[in-house]
Amino acid sequence: MRYVYEMEMQVRDYECDLQGIVNNANYQHYIEHTRHQFLRHEGISFADLHARGIDAVVARLNMAFKTPLRSGDSFVSRLAVRKEGIKYVFTQDLFRLPDGKPVIRSTVDTVCLVNGRLDHCEELDRAFAKYFEP
Amino acid sequence: MRYVYEMEMQVRDYECDLQGIVNNANYQHYIEHTRHQFLRHEGISFADLHARGIDAVVARLNMAFKTPLRSGDSFVSRLAVRKEGIKYVFTQDLFRLPDGKPVIRSTVDTVCLVNGRLDHCEELDRAFAKYFEP
Amino acid sequence: MRYVYEMEMQVRDYECDLQGIVNNANYQHYIEHTRHQFLRHEGISFADLHARGIDAVVARLNMAFKTPLRSGDSFVSRLAVRKEGIKYVFTQDLFRLPDGKPVIRSTVDTVCLVNGRLDHCEELDRAFAKYFEP
Amino acid sequence: MRYVYEMEMQVRDYECDLQGIVNNANYQHYIEHTRHQFLRHEGISFADLHARGIDAVVARLNMAFKTPLRSGDSFVSRLAVRKEGIKYVFTQDLFRLPDGKPVIRSTVDTVCLVNGRLDHCEELDRAFAKYFEP
């Protein structure tokens, strides 16, 4: 597995909860935003896909929480993608900056609904093909 | 002014931030949810309005923060509505339970966009008419 | 496995995203809120634990998304708990109402940090003991 | 009035609601994040203030919504600050990029609670002094 996309982000204080650390649900926001920026980097808009009847949805999510992020922390969000049958499987890991400590490690299985029905999405297949291992 | 709708809610821990109190943006969520439940009580679905090209949007918001809510707090959300020209003006106040202490006092001006254009919305006019003062 | 706690909730419109369905991160909010309400039902406050130096944190999360919730939907959130070594493992499933269709199925591994160190938490052990299978 | 701080941001898709536009409460998040980044730019950490018993809290908020942001939009968040008695009054406006169209215009009155009591905060006074008009 090799990461094919990455972006840096910074914790926003409203993302922290009463424990003073980033609330877990926000890691899901971070990795969703990373996938959508990855799509955008490939010339594909998630909102535009939806408007054309193509909905990429998450079928399964697996997250391991390693080191909590806190107010003021920056981090890098890295992404790899492979195809398994009809699914796109994303490996999405966050690392704290500058020390590179793992924050979360996750796997996200997504599928496409085309006009409400599970289907292959040629547009995504074409965009991602160069990233699939031979 | 008299309140015409009210509902009880309870703080959810993820709504609290690192200060240990409900993050301000969540009060906006609470009062939005109250308006939508009020609509629903009148037989109107916000999502259904949107699907038919009618978007109720907030034009102006004024909130005074009185007493912060904390983990475990319950509160009642009260709403009044009046019409001013093309605007529906909601008075929306939250009170902590059981002591009734004011949490926020707010005024929310909303307007309707019908197919993207500012317009009267007969459906809302009819639903709310009984609540407008003579 | 048998569920030992359940609560009903309703989708709030602000929880839906541009696909018109509840954004995935909100399911994590729903199940966190359910765990905290379960604690409260056992006489334990999450905020109070934190104030006393005991932080229950999620170590691993596994969610399978079955049927998306939409504006207006109600659902029941059910919880089971077992102990595995130092971890509390929660099974947390959501079912749409009134048809009972599965919304998500999830497993949440949590651990306790006592003054920042991984440890057993006697208070939770005592509270949950009656729910652990012999 | 002159703006003394600005930062660029981009809409994240999860911030959009079922109307396909950024949910109003997120504008409150954007301007809170801008204030906290402004503090940080002045060498002050909001979380650190809290840890030392100083809580900057919003007393009043006034927002006018001009043009909704959508998926893919970037915007600049600008801030001005003045002192009025015990309050810091922030003017916070968002402008869409690249066309500069006003998104929201807002005024945020904040006060400081020092160990729970309304008080002047010398640290903020010193940091902001250079921005107050003579």
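Going in written order, the chains are labelled A, B, C and D, and every chain counts its residues from 1.
FYI, contacts are C-beta pairs under 8 Å (C-beta built on N, C-alpha and C of every residue); 3 or more make two chains touch, one makes a residue touch a chain.
The model shown is predicted, which means the values in this text are computed figures rather than measured ones.
Novice: Higher C-beta contact count, B-D or A-B?
Specialist: Contact tally favours B-D.
Novice: Using only Cα atoms to place each chain's centre, name the chain farthest from chain A.
Specialist: B
Novice: Counting in whole Å, what is the centre-to-centre distance of chain A and chain B, each centre being its mean C-alpha position?
Specialist: Comparing mean C-alpha positions, chain B is 33 Å from chain A.
Novice: Centroid of chain B to centroid of chain D, CA atoms only: how many Å?
Specialist: That pair's centroid distance is 23 Å.
Novice: Give the residues of chain D that touch two or more other chains, as numbers and ranges in rising order.
Specialist: Answer for chain D, listing residues that touch two or more other chains: 13-14, 16, 18, 20, 23, 25, 29, 32, 46-47, 71.
Novice: For a test of understanding, state which residues of chain B touch chain A in their complex under the given definition.
Specialist: Of all residues in chain B, those touching chain A are 13-14, 16-18, 20, 23, 25, 71.
Novice: Per the contact definition, I'd like the list of chain B residues that touch chain C in the complex.
Specialist: Touching chain C: residues 12-14, 16, 20, 29, 32-33, 36, 40, 45-47, 70-72 of chain B.
Novice: In the complex, go through chain D and note every residue touching chain B.
Specialist: That would be residues 18-19, 23-26, 28-29, 32, 46-47, 50, 55, 57-65, 68 of chain D.
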